[in-house]
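The following pair of complexes shares a single chain, chain A, combined with chain B in the former and chain C in the latter.
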Partner chain A sequence: MVSIKFLASILTYSIGLCGLLPLFPWLTSAPRLALLLGLAVGLWQDFKGNWPFKTWMQNGAIVPVFLYYAIQFSRANPVQPVVSILAIMLAVRLAGEKTVRHSLQIQALSLFCLASSSLFDLSPIFLLYLGLMLFLVAIALVLLTFQDQENSMLLPKRDLRKVLIAGGLMPLLSLPLLLFFFPILPRTQMPLWNFLSSPTVRTSGYSDKVEPGVQPNAGESRALAFRAEMGRQTPQRLYWRGSVFNTMQGNRWVRADGVPPEVPVFSGPKVDQLIYPELSVSRVMIGLDRPTEISLNRLKRSPDGVFEYSGSLNKHLNYRASSAPDGLVAVKGAINKPFYTKLPVDISPRITGLAAEIVKAVNTDREKIDLLENYFRNGGYRYSMTGLPTGPDALEQFLFIRKQGHCEFFASAFAVLLRSAGVPCRLVGGFKGGNYSELGGYYLVSDDMAHVWVEAYIEGNGWQRIDPSSFAANAGEVWNDKKSRSLILRMKLTLDYLNYEWNRSVIVYDFEQQFEYARKAGKRLQGINPANILRNIFPYVLAIALLIALLFVVRRTSLFNRREERILKRFLRKVEKEHGISVERGELGLFEIAERADNQRVSEFSGIYAGALYRDRRLTDDEYRRLQQILREGF
Partner chain B sequence: MSVTGMAGMSNIKGLVPSLIPPEEIFAGTAAPFRLCVRNGKRYLPSFLIRVECQNSPGSTFPLIRQQTLSESSVMLTFDRRGQIPAVKVTVSSTYPVGFFTRYWTFEVDTLLTVFPAPLAASYPAGGVNAPRTGSNYRRERGLDGELERIDLYSGSEPLRMIHWKLSARSADFLVKGFGSQSATPLTINVADLPGRGVEERLSRAAWLVRRWVRERPVGLVLGERIITAGCGRIHGRMLLAELALYGLD
Partner chain C sequence: MSLTARNQVFTNMLETLSRDYLQGKEDVLRLSAIALLTGGHILIEDLPGLGKTTVALALAGITGLSFGRVQCTSDLLPSDITGLSIFNRDDGRFSFQHGPIFNNIVLLDEINRAMPRTQSAMLEAMEERRVTVEGVTHHLPEPFMVFATQNPSDQSGTFPLPESQLDRFLICTDIGYPEEILEKQIIAGGGIRERISEMMPLVTREEILAARRDVQSVYLSAKVLDYIYLLVSATRTDDLIQTGLSTRAAINLAQASKASAYLAGRDYVAPDDVKNMFQAVCAHRLVLRSEMSAIDRGGVLRTIASRIPLPLV
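For the complex of A and B:
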């Protein structure tokens, strides 16, 4: 025999853990300590079967804690007090006796804790915890219903198994309903508790300025920046355009407000992408270089191909982008050459001297670019994230002394040399590369792929993408395509695919998408052809029918009653009809029926049937035939 | 919600309660009934079934497997004598999650006869062996009854009464003492019984029937109806049923 209360307690603790674990890392020390203490005290008391920590003490203990956190609550700090009080309330309930009422409260608090953990991080792990919790809650609710009827109820193991199976089946049965209702139930345009959430945003990745020489080592975060759903592209095309830095101030490149007007002319095939950026503080929307169109409301488009979003950054976005990926964009009319060749007055004469030296023999922009490229390729420059030049003369150090740096040094130095040589140019910040997930059909781009390159204007051609980092002596090692095929990376991509599906189908599934799907479904229904459908599903129907027929033939005996049972049923029906003797199964023996019926044929049937039944053997064929004959002829 | 609703519905579906009464039920006295619930469902068991009849505290069945019968006992009390054609039985369950209680009410056919509540009585005109209050010894002796005791020979007993086998082993003669097989019939005239009103007199008659029917023939005079004296439990129940239904038609 197993105690229902004991089992319900175990489940209650498990549910508590499901709510606590995801929230625990985000809590401050006090609630963390309370939780550990509450768990320990609860377990100890349950183990002893004695609960000195009474309910009134628990409730009394919560009041001052509640007041303390209520005072701390403010618009600037709304989340932490709320989750702290939730966690402490859960800790207090876990510490006490697990009555039915308290167990239900623990379940509710655990669910709130789990839900509040999503204010900090909404990853697929949340779904895992939620699924597990709902499963456990379903079983626990069933057991608590039993406990509620009788606190000390004991059940035999065999019965308990049935109870648990039935309890576990309920959430499984509700899954299809959940999948059915999730897409069609009305959704709000904004998440309901958005007011509480201060989004956890990335601050790494590319920034709003390029400033080589600030730090000796560059940090590399592998956090996800965005995903781009699209076909596979050649590595040369994988430049993701973010911002453009058009002005040099001192040692840094910034984006000046007055971007000179120009009219780009895009030719060649376009590449469409569906971009899912992670939450970020940046308002710049990324697209494959160079984006010709990004479909998103509240978007400001600049002539230099930068798209800035002016809406709320609190929610996950997704948008479509169309790009001309060839790295060359023609311009209709002229550009503002003085703007794009302007350098700070205090630029090092050594750098301008170098530029003049390199390009002295040529006149055209194209030739100047080629010579500068040659200079970089043959200059022994190395791509490195450590040992970087620092200080106000970092660029000079990079060009003449250290000769190692990351993309900002390469791009910045190349642009300065170009402008010194009179070639209009600008810096483009974004990302380079991406890991393609074959499973999901998208590129995964992380913060460590942040990159800066140069766009130079060639008269007659337009803006040409130049990546000076690729001129580094060790560029082949840095952007080695082969490393991307490692097993770990493939595993990472598979995991990311799950994350991506979660993001795409749950997180960003809002009212707009719902409306869009409904519209598409309506369109498809209009164009539906019944004949086509029939033709398509006919093979499946046929296959299922064949399978059922096969099952029918193979398992006939086990699927249907044995002939002994069938003939007995017929007999009982006939006896009821002709003699008015109604027999519930097992209530009346065969001989008793015969006695009541007082009929010779009924007696004969009973004799033959009982002869087999009570000797524990099956009817012989002769006996069976005789019984059938009796039934046919009637009594 | 829909899944738990369906589970709750199917849980109490196919349950058929039945009541098996005890042989004798007296008004105002709790009688033990066998309460059976049959789960007629083919595949699904029923969980946490609570069955309540009338004003009884009811009983709970944690699990009733499919196609089986579960039994329990309940004490039922009926206030008045007479025939009870059916008893109201409520089958309920809070399964699966205890937020709602679903129930069905059945009228279980019982055709019970509730006898009048017995009320102790002495019968004034009972013949030679009329019951008296006080001593409760049985006095009648005879020669045609069962061997009831061995006594010392007093000199007055017939010789054939001497138990020779036992006497041979002892110093005295021992005689067999037989009981009397023929007891005086007792005819209870309800109208003659003391009591305030018919109900009380019926109750006293019921007590007398219960008291004597196993020991001597008991008959009944109920108004104009006369039931000849008879012995045994079955006759006793017949008399009690007459008392139960008297004046209710």
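For the complex of A and C:
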């Protein structure tokens, strides 16, 4: 035997937790404190079994709190006061005695709290809380109706199971409705209130300039940058192109307007990707280096393979990209060599001197690049995120003194040396690497994978991707594969996959888009030769027909006895109504009924119905119509 | 001529009998007709003087079949029924003299007065439809039907039929007293034996044999078969009953149901037919537990039948 009241109060607390847990992180400290206090007081009182805090005290206590937050409410600050008062009301109810009335209030307040948490955050965990709450509320409602009848009711274990099953089935019944409403109800892609301060909007990551030597230490944010749905690639190919920096100004590399025109020629197989960037302030659309095409509206394409989006950044985007991933892009005709070899006038002569020293023996671009690479490889340069050179001569310090830096130093220094040696080159900013989720079939790229590398133009070949960071003495340690197999990473990838599916199928679900697809499909259908369609779908139609025939044979009686069953029910009801022959089903035979009713039409019905039934056949359509007619006209 | 048209002959016959000759005996007449149509035998169990013999005579009269009668007594010998060989002095050899059993309808009056030895000889002939006397087998005529009557066994000087013998009767029924008005009419009109002897046959032997074939072809659906099986098997597990119904009982129930359906003008058996025939066909075959023997067997069967729903879908 289980006490209903005990069960109901456990459920009430659980429902309260479902409401307050998701909201808790977004509350200010006063309501937070109130919630903790209320929960503690409630549990203590329930445990002791007496309630010194009377309801009128609680209700009285809410009034000043309500007034306080009502004053706070303004157009500039509409949400916090409302959420706070909701949380405090929930806290007060949790603190008091759990009567049926109060339990229902707690359920409603919890639901409001959970709903208001979605003003701040749209994480998939919301669904978990919502599902749990609906389930618990359904059971609690059943139990509360019992409690309402008799406060101290006890329930045998067996009946309890029935109650649990009934309560559990109720939310399931709403599932078909859910399927119906999901596609048509409007939704937001962002938390309505919190999107400005939302951590999902990134400001970090790669930037619109490369400026080594600003900070002694580089921060690393592990926030997600984007996901790319595609097949698995070799690590050498995993360079994600963002922006190109083609001009050096003082110590900085920037992207100058007026990119010189050039005509890239892509060869070799393409890699297609479906990219889901996180919300960001950057307008540069990422693609696997080097993207040949990105299919997105309002996109500005530059000849150096940079794609800038000019639409709104306030919603989640997704786009298809096609890439030539080999790291070498031929160019038809010539490039603007002076543009890509220009250096600032105040460049350190020490650096230009170094470049001249290294490449003095050779003439071709290819050889110059090889020599510079050798210089980096053998120069004892180390990749590091700390202890970076700073100041206006940071590059010089990096090359000659500190000899440690991150990708920006390596890429800048290498590019400066290349340009000094007369080799056209530019810096490419983007990402390197990515964690592949086997589950979702996509690469997960986070901000800490932001990277800068160099593209050098080799006469006759084209733009060659060179990653100077990989020349560092410790490059192998920095970009090894080991970490990709760690358990934590795998768990992270799995969690991310859930989040990804949530984003893809719920948050950015676009009814218009689905509708558009359907419309396009319909259009395409119109242009198809019917004979072709027939040939294509014939096997399916045949298979379905066979399946139905099989079902018909196997389940004939159970599937198709409905008509007889229905009409018999109507007959028995009518006989009872008109002749007062009230019998249990099967107590009297059809002819016995007819004899008792002593009515021509009842006899006729019995004769037709039994004639089919006891000859082991079904009613023919004519017979069925006649029976219906008899029933309609009455006896 | 369709089956439903051919059964008109029999419904006419039953109507004429119950209207003109045997008022108030529709049930027993109908059961007799059913026994005739299935080739079974009928046992009528009731007090003397309620018209048992008259029913048998009337049935014989209206069908134009030959009629034999055996009045059973305790000194009745088997050969009194079957016949015996008698030495014919003119021919100088034995010739077989047919007994009363060599008739189409044989009335065995007060069968429980005969000695068990005679009873069993008669019942064997009923079952086998032939008689073997002194090594020679004589076939009984077709159709052959025994119309046995018995007094309730608590009457003195009777040898109750054992259950195994009772099982050979397709139907066992009582007649009961007629209703008041009918009985007064009967009393006023006196006996009808004379009128019966002047009765004109309405049914021919050929029609009976054809009707028997028709009855055999009445359709018995799987649903009704299930119902019969459920009824029979329920008697085997009932607490009041020591020995449930045999397979022969089930066969007979199905046959009687077919004949009942035929008389109702149908070419298929409805569960109603089975339910209606259940008591008449099966009650006398039940062996109740010894401490329950005072209970009415028909009532036991009605209780069982009420527990099993008729198949309606």
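Following the convention adopted for this analysis, the second predicted complex is superposed on the first by the 331 of 635 C-alpha atoms of A that agree within 3 Å, B and C clash if a C-alpha of one lies under 4 Å from a C-alpha of the other, contacts with A are read in each partner's own complex, and residues count from 1 in each chain.
We adopt the following convention: contacts are C-beta pairs under 8 Å (C-beta built on N, C-alpha and C of every residue); 3 or more make two chains touch, one makes a residue touch a chain.
Values in this document were obtained by computation on a predicted structure and should not be read as measured data.
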Which of chain B and chain C A:S174 touches, first, second, both or neither: first
Contacts of A:F146 with chain B and chain C, given as first, second, both or neither: first
First (chain B), second (chain C), both or neither touched by A:L588: second
First, second, both or neither for A:Y614, with chain B first and chain C second: second
Partner chain(s) touched by A:E565 [first = chain B, second = chain C, both, neither]: second
Chain B-facing residues of chain A, complex: 100, 141-142, 144-146, 148-150, 153, 155, 159, 162-163, 166-167, 170-171, 173-174, 177
Footprint of chain A on chain C - complex, ascending: 219, 221-224, 264, 266, 268-273, 275, 306, 308-313
Complex contacts: residues of chain A adjacent to chain C: 561, 564-565, 568, 584-592, 610-611, 613-616
Touch list for chain B against partner chain A, complex: 2-4, 7, 45, 47-48, 50, 60, 62-63, 65, 94-98
